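Below are two complexes that have chain A in common, paired first with chain B and then with chain C.
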Partner chain A sequence: MDKILRINMGNEGGPKASEEPLGDYAGLGGRGMTSAIVSKEVPPLCHPLGKDNKLVIAPGILSGSVAAQSGRVSVGCKSPLTGGIKEANSGGQGSQVLARLGYAALVLEGQPKDDTLYKIVINKDGVEIIADNSLKMMGNYDLIEKMKQEYGEKVACVSIGQAGEMKMAAATVAFTDMEQRPTRHAGRGGVGAVMGAKGVKVIILDDAEMPKRSPKDPEKFKKANKAFVKGLRKHPITGEGLPGFGTNILTNVINEAGALPTHNFQTGQFDGASKISGETQTEIMKARDGLVTHGCHRGCVIRCSGIYMDKEGKYLTKRPEYETVWAHGGNCGIDDMDAIAMLDRLDDDFGLDTIEMGATIGVAMEAGLAKFGDSDAAIDMVKEVGKGTSLGRILGSGAAVTGKVFGVERVPVVKGQALPAYDPRSVQGIGVTYATSTMGADHTAGYAVTANVLSVGGTVDPLKPEGQVELSRNLQIATAAVDATGMCLFIAFAILDQADTFNALLDLLSAFTGQECTADDVTALGKQILEYERDFNKRAGFTAQHDRLPDFFKTEKLSPHNITFEVKDEDLDQVFNW
Partner chain B sequence: MDKILRINMGNEGGPKASEEPLGDYAGLGGRGMTSAIVSKEVPPLCHPLGKDNKLVIAPGILSGSVAAQSGRVSVGCKSPLTGGIKEANSGGQGSQVLARLGYAALVLEGQPKDDTLYKIVINKDGVEIIADNSLKMMGNYDLIEKMKQEYGEKVACVSIGQAGEMKMAAATVAFTDMEQRPTRHAGRGGVGAVMGAKGVKVIILDDAEMPKRSPKDPEKFKKANKAFVKGLRKHPITGEGLPGFGTNILTNVINEAGALPTHNFQTGQFDGASKISGETQTEIMKARDGLVTHGCHRGCVIRCSGIYMDKEGKYLTKRPEYETVWAHGGNCGIDDMDAIAMLDRLDDDFGLDTIEMGATIGVAMEAGLAKFGDSDAAIDMVKEVGKGTSLGRILGSGAAVTGKVFGVERVPVVKGQALPAYDPRSVQGIGVTYATSTMGADHTAGYAVTANVLSVGGTVDPLKPEGQVELSRNLQIATAAVDATGMCLFIAFAILDQADTFNALLDLLSAFTGQECTADDVTALGKQILEYERDFNKRAGFTAQHDRLPDFFKTEKLSPHNITFEVKDEDLDQVFNW
Partner chain C sequence: MENEKDHIQTVEILMTVKSDRISSFTQLLGQGFTIGARVGCTVMEFLCNLPGLDFNYIEQRVQTIFLNGKPVDDLNSAVILDGATLALSAAMPGLAGAILRRGGSYASMRHQISYKKELISDSVREGCVVLKLFNLVARELGPIFLNHGICVSGENLSGFFRKMPEDFWSGCRKVKKDGQTLEVNKLMQMDWQTENVLLKVHSR
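Take a look at the complex of A and B:
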C-alpha cells in the first residue's frame, strides 16, 4: 500500500492509469486519505459532476492486514448532494483487496469525452481500462453476476447501478460482500453520481497472488489482535446484540427511547415497531433458513450482517440494516418486513442510499404523493427512480430537492443530506452531530446515541442540551480517526467502554506501522481530518449558518417527550473550537 | 401612504388585517421598504414557505403621485429560489393604486391553518379577507376576468397563477396593466410561491374616491416633472428606441455585440436573431393591428410596452420583452416569434418568471429532453408546469433544480437564480453584477450593459475585466435607490447621460417629500438598501464564495469573441467595499 493509482478518464487519447508514490499522503488511510486528497486537489467551487472533481477510494491504514474489522473503505469527493466534502464509508471486500493490490488510494479524475461506459480491471499485472457499453443501465445484481462469469468468484467489485449512471445525488458506490453480492454501499452524499460522471461502471479488484499486508512487528500485532478480538467479543453490544440481531436490534431500543422518527419526523414512536424490530427480523430469517449472523468482509468477528430470504426461501437481500428498516419502515409508516427488504434490495440494485431514499419517500408522502404506510406505493416510487422517470429523477435527487420540487416545508436535511434514524429532539447529542458534521446530517460522524441512549462511553441525558456539544465533539474526533484506520465503526462500543480494547487498537496500529501510536496521536489524527474537511467546506461557501437543524426541530414538539431541539446556536458553534 | 397594512394569515380565529404607523420605516419606499422589513423582521434561516417568512408589497416613494414613470412596485421576501433576500420589481397599476389607498407596505404574514384559498379586497372602506376556493388552480387570465366581473374594470389586481399555488420556485406575483390584464410580473426569485404559501390567490386594490398623493411643493414638483419628461423624451433610448421597438430593440444590439446567450450559453450569437428582433416583432404587431407602443401603467411616457395579436388578429399577450424573447428564443434556439409569444402568454397565465423558465428549458434541452429549436416541445414543457406533473414540478423549480435533477453540469445560475439575457463573457460588467448581486443573477440589479454596450453613462470595454467592478458597484448603488423611488429603471438611460434629467429627478423627490434630496442622499440610500440586503444574506449563510459565476464561464470560451469571464475573484470581493 505504498502507491496511489490515478486514472484520468479525460485523458486526450482515452482513459489512462498512472501510479505515483505516496509523497505528502504517506501514512494516511481511509477517510484521512480521501479528505486530504479532496481538500488539497479538488477546487471547492467546482461542479461535483465536472472534470475537476475527483473520486477517491481508499482502504484504511490497517486494511489488507489480518486485523479484525479492518475491512472498511472510504469513498471521497465533493458531494453532489451537499456541495461539501464527502467521505462515504463501506464494508465489503473491496478495502482488503485494494490494499493487498498495493494501493493506498485509487483516484478517478477528469471527465470522459463522451458517454462511453468503462470497466476497470486491477490485478497483479496492472490496470486495464475497457470500454463496455453492454453494461449500460444494468442493475448492480445483474452487473455483478456478469462480472462473476467473466472474472471469477474471487474478485471484489466496486460498482454503480442505474442511479449512478444517471448521476443522481442519492446514488451509491456498491462493494461486493463475501458472497460476491453488491450489498455493501458507500451510501451517502451521491458518491455514485461522481463515479457515473467519470464514466466508470465497475472496478474489478483481483488480489490473486498478492500477499497479505504484513505488520512491522508481527508478534506484537498478533497479540494485540487477539486482545482486540477478545474485547469485541466481551462487550454486550459487539459480542451479543449485533451478532444476534444485527444493527436492527436498535428498532426496539430507539422506539422505546421515543426517538424513532415516524411519518417524516412527526412523532418519536412507531406503532408498528415490533413488527419490524431486529428480534422479529431474526425470527423471520431463521424460519426461512436465512443466515442470521455473518460478516460483511473477511476478518469480521462482530458479524452483524445476515442474509434475508423471501417467502419462498430464495435470496432476496442482505439483512436490512437498522437505518434502512427505519428509513423505509417507521419513517414511511411501513410495518411490513418483506416490503422493507424488497425496498432494500431495489435500493442496492439501483445503487441508492437507503437512508436518503427512505427520508425522500417520507417527504413525498408528506407532499401527498402517497399515504404513510402504503408499502406498494413506496416500492413503486423506488422503481420510478430506477427507471429514471421524471418522478424518479426527483426522488433520486434526495429529500432536499424533493421537498423543494413539491413545496414541502418539513424537510429533514442538513446541508442537503437527509437525517438518519434518530430524532434529534429526543437524542439531542446526535442532533449536534447532524447539525455540525462536515458531511451533512450523518449519524456515523459522531454517534452520540452511545452516551445518550445506550449508556456506552458514559451517560448524557438525551433530552437536555447540557453536555451534548462536548459529547459530539469528542465522538466526531474519534470517529474521523477510526474511519482512517479501516476499522468498522462498531468497534467504538468496545473501545469507549473498555480501556484494554482501546489499548489493543493502539497496539495494533503501533505494531502494524512500526510507529508508536498513543491516544493523543489518535485524537490529533481525528482533528487533522476534521480540519481538512472544515477547510474545504469553508472554501466551498459553508458557514456557521449551515451548521443548523431545520426550523421545525426547534419549533415542533416531538411526542412522547414533547420536546424540541434545545441546543443553542452559539453552542453548536463551539463544536470545532478545541 | 402613512401606514403599513399587515395581514396575518395564521391568526387563530382566521386571517386578520391590522394597520400600523410607519414607525422606523417612515420615509422608505419600494425596495427600500421591502428590504428593510425583510431584513429586520424575517429570520434569515427560516423556511421560505413557512410561517416566519413575510411577503412585502411596497409602492415606491413617488408612487401614487403624478410623477412620470413612478408606477413600479417592489415585492420582497426571503426567496424560495435563492434562499436569500429578494426584491422583485413590477410595473402595472398596483403600485399607484396601493399608494393611493394610503399603504406604504402591505405585509402578508404567518401561515394559514389549512389549504383554504383567500382573496383580499382593499378599498376606501378598509380590508376584507374572503375565503374563495372557487379560485383554486385558475390561471391569471381567467382569474382576472372573474375579478373584473365581480369588482369592475377599474380595480388593480395582484395575483398568482397555478405556479404560485403549487409553491414553485419560479412562480411570480402578477400585477394587472392598464387594460386590466395580468401581464406585468414581479418575476424573479419565486415571490409567487411565498404568496401561495400564505394562501392568498388575489388582492383586489380599489382606489375609487381616494385622492392622488400630493407633493409638499406642488409648483416645484410640476416643474420638475416637466423637465424630467422632457429629458426622457430627448434621450434616444427612452425617446425613440424603447417606444418604437420595446425592450426587444436589444435583440439585434446584443446579438451584434456577440453577447446573446444561445443554446444554453453555448455561443454568443443566434442565427435566428433577425427573425425575433424588436424590428421584426414590431412589423408583425403592426401587420396584425397590435398596439406598438403604450405604457404598462398610467403616467408612463416611455411606453415600451405593446399588445401582441395572434395570426387571427386576436389578443395573445403583451409585447414580449427582450428578456423573454431571449430566454425562450435564442437561449432555446427558437426563432418563431409566435411561439415565443405563446410561451410568454403561458408564463403569464400560470404565473411563471419568463427568464427562469427560458433558462430552465435551455438546461432541459441540454439534458436531452428536447432538441434546441423545438418550439412545440418548449410549449409542451411550460404546459407541464401549469399542470403540475412531475416534469412540470421540476421545471417550475427553476434551472438550478432542473440541472441537479437531470445531472447537468452547465447550469447558468448564481445563488440558484438563472442568468438573464447577456452573456457575462462578452459583457463582463454584467457578469460582475450577476456574480455579486444580493438577488442572485439579475441584470436589473446593476445594468452594466449601459457602459459596456450602449455607451450610456460612459464606455467600458465589455471584453476586458478593467473597470467592471467600479461600473457594477456604482450601478448597483444607483439601482437600489431608483428601485426605492417607484421609478421605472429605464429612466437610468436618461439620468446617466443627462445631468439636467438627473437633477429633475432630485427635484421631484425634494418637492414631493419636502426634504432636500441631493445626489449624495441618493447614493447613501442605495448603499443603505444594499447593506440591509447583504446583512440578511450573510445571516442566511451567504459568503464571498456565493458571489461567483458557474465554472464554465471561466473555462469555456464564448464565440465570436473567444473569451472567458476574466474578472478575478478578489476583485469581485471589492464590489461592496465602498
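Take a look at the complex of A and C:
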C-alpha cells in the first residue's frame, strides 16, 4: 500500500490513470487519507458535482492484512448533501482487495466531457478504463450480476445505482460483500452522486495473485491479533449480543429509554417496536432458514450481519441494521419487518442511504404525502426515487430539500444531513456530537473509546452532567483515529471494557507499521483528522452557527420524558476547543 | 414469586412445544408481562427474589436496566413500587448502548432521563410489576419465566399468535386452556382483546 492511483476522468483524449508515491500522505489510511486529500486538494467552494471535486476511496492502515475487523473502507469528497467535507465508511470486500493491490488511495478526479459511463478494472496488471453505456440506469444487483458474468465470482466491486447516476444527494457508493452482493454502502452525504458525476458506474477490483500485506514484526503481530480476537470473542457485546441479534438488538432498548424517534421525531417511543426488534427479526430469519450470524467481510469475527429471506424463503437482503429498521420503521410508523427489509433491498439496489431515505419519507409523511404506518406508500416513494420521477428527484435529494419543498417545519437535519436513530433530547450527549460533527448529524462520529482510556482533556466523572461536551470531544477524536485504521467501530466495546484488548490493538498497529503506537499517538491522529475537516469546512463557509440542532429540538418536548435539548450553544462551541 | 393467578389473569393457557420453539416467544417477553412479587424494596432485592436471577447474574449480565423508562445506575438505591415497569437487558452496542449502561463511563450523556432517587414512604408488600426481558436476558431467563407462567395482555398474545409462521405451529405438541385440552389451531382464532392470559410454556 505504497502508492496512490489517480484517474483523471476529464483528461483530454479520454480518462487516464496514473500512479504516484504517497509523498506527504505516507502513513495515512482510511478517514485520515480521505480527509487529508480532500482538505488539501479540493477547493472548498467548488461545486460538489463539478470537475474540481475529488472522490477518494481509501482502505484503512491495517486493511489487506490478516488483522481481525480491518476491512473498513473510507470514501471522501466534498459532500453534495452538506456542502462540507465528507467521509462515508463501509464494510464489504473492497477495502481488503484495494489494499492488497497496493493502493493506499484511489482518487477519481476531473469531469468527463460527455455522458459516457465507464467501468474501471484494476488488477495485478494495471488499470483499464472502459466505456460501457450498456450499464446505464442499472440497479446495483443487476449490475453486479453482470460483472460476475464478465469478471468472475472473486472480484470485489464498488458501484453506484440509479441514484448515483442521477446525482442525487442521498446516493451511496456500494461495496460487494463476501457473497458478491452489493449490500455494503458508504451511505452518508451523497458520495454516490460524486461518483456519478465522475461518470464511473463500477470499479472492479481483482486481487488475484496479490499477496496479503505483511507486518513489519510478524511474530508480535500474530500474537497481538490472537489477543485482540480473544478479547472480542469474550466480550458480551462483540462475542454474544451482536452475533446473536445484529445491531438491531438496540430497538427494544432505545425504545424503552424513550429515545427512539417516532413519526418524524414527534415522540420517543413506538408502539410497534417489539414487532421490529432484533429479537423478533432474528426469529423471523431463523424460521426462514436465513443466516443469523454473518460477517460483512473476510476477517470479521464479530459477524453482526446476516441474510434475510422473504416469506417464500428466497434471498431478499442482508440483515437490515438498527439504523435502517429505525429509519424505515419507527420513524415512519411501520411495524412490518418484511416491508422494512424490502425498503432496505430497494435502497441497496438504487444506491440510497437508508437513514436519509427513512428520514425523508418521515418528513414526506408529515407533509401529508402518505399516512404514518403506510408501508406500501413508503415502498412506492422509494421506487419513485429509483425511477427518477419529479417526486423521486425531490425525495432523493434528502430530508432537508423535501422539507423545504413541502413546507415542513420539523426537519431533523444538521448541516443538511438527516439525524440517525437516537433522539438527542433523551440522549443529550449524542446531540452534542450530532450538532458539532464535521460530517453533519452522524451517530458514528463520536463512537469509539472512552475519554478515561485515552485521557484526552482529563478524566470525566461519568455521573456528573457537565461532562457531555468533554465526552463528545474525546469520542470524536477517538472515532476519527479508529476510522483511519480500517477497523470496525464495533471493536470499541471490547476496547472500552478490557484494557488488555485495547493494548492488543496498539500492539497490532505497532507490529504492523514497525513504529511504536501509544494512546497519545491515537489521540494525535484523531485530532489531526478533525483539524483537516474543520479547516475545510471553515473555508467552505461553515461557522459556529452550523453546529446547532434544528430549533424544534429546543422547543418541542419529547414524550415520554417531556424534555427538550438543553445543552447551551456556548457549550457546543467548546467541543473543538482543545 | 407469588402466584399471579390471584392477581390478574382470567384465562390460563398451557402450551407444550418443541424446545427449539421457546425462543419464538422473545417478542412477548419484550412487550412485557405482569408478575406478582414483593415491592417497596430496592431493585436489587426485587431482582434477587425472581426465579433464575442471583446477584452474580445481575452484576455480570444485566448491564442495562430501566425503571419506568428511566435508566438505573444504582440498583441498591432505586426502589420499585407497585405497578412499576422494569426492563432488563444485557450490555448494548453503539454509543447509545454505552450511554444507557448502568454506571457506565458515558452515563452523564443521558442524565436528564436517568432514574433519580426519590423519597419513598412505601413499605415492602406484595404487588404487581410489569417485567420486560430483552435480548440475551430474554434468551436466558425466558424459558424459566415461561415455564413458571407469565401474565400477558390478550391483545399482545392474539397479535403474537397471528404472526407466527406454520413452522412454529408444527412445533406445538399440546395446548390446554383452563385445564382442558384444546386443538392447537384454535389458539390462532382466540379473540383476547381485553382479557389477561396466564401463559405457561413447557418444552419437550
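Operating definition for what follows: the second predicted complex is superposed on the first by the 559 of 578 C-alpha atoms of A that agree within 3 Å, B and C clash if a C-alpha of one lies under 4 Å from a C-alpha of the other, contacts with A are read in each partner's own complex, and residues count from 1 in each chain.
Everything below uses one rule, namely that a residue touches a chain if its C-beta (ideal position, glycine included) is under 8 Å from a C-beta of that chain, and two chains touch if they have at least 3 such contacts.
On a predicted model such as this, the values are computed, not experimentally measured, just so you know.
Between chain B and chain C, C touches the greater number of residues of chain A. In the superposition on chain A, A:Met166 contacts chain B only, with no contact to chain C. Once chain A of one complex is fitted onto chain A of the other, the partner contacts of A:Ala227 are absent, as it touches neither chain B nor chain C.
Shared-chain residue A:Leu496: touches chain C; no touch with chain B.
With both structures placed on the common chain, the touch criterion links A:Leu22 to neither chain B nor chain C.
Contact with chain C, but none with chain B, is seen for A:Leu475 once the two complexes are overlaid on the shared chain. Against chain A, in their complex, chain B makes its touches with residues 44-47, 49-50, 52, 80, 166-169, 193, 196-197, 389-391, 393-394, 397, 401, 404-407, 409, 539-543, 545-546, 548, 550-552. Contact residues of chain A toward chain C in the complex are 236-238, 240-242, 244-245, 247, 249-250, 252-254, 256-259, 269, 274-275, 277-280, 282-283, 286-288, 304, 322, 422, 425-430, 432-433, 443, 446-447, 450-452, 460-468, 471-472, 475, 490, 492-493, 496, 560-561, 563, 566. Considering their complex, residues 23-24, 26-27, 30-31, 61, 63-64, 66, 69-71, 73, 87, 89-100, 103-113, 132, 134-136, 138-139, 163, 165, 167-168 of chain C touch chain A.
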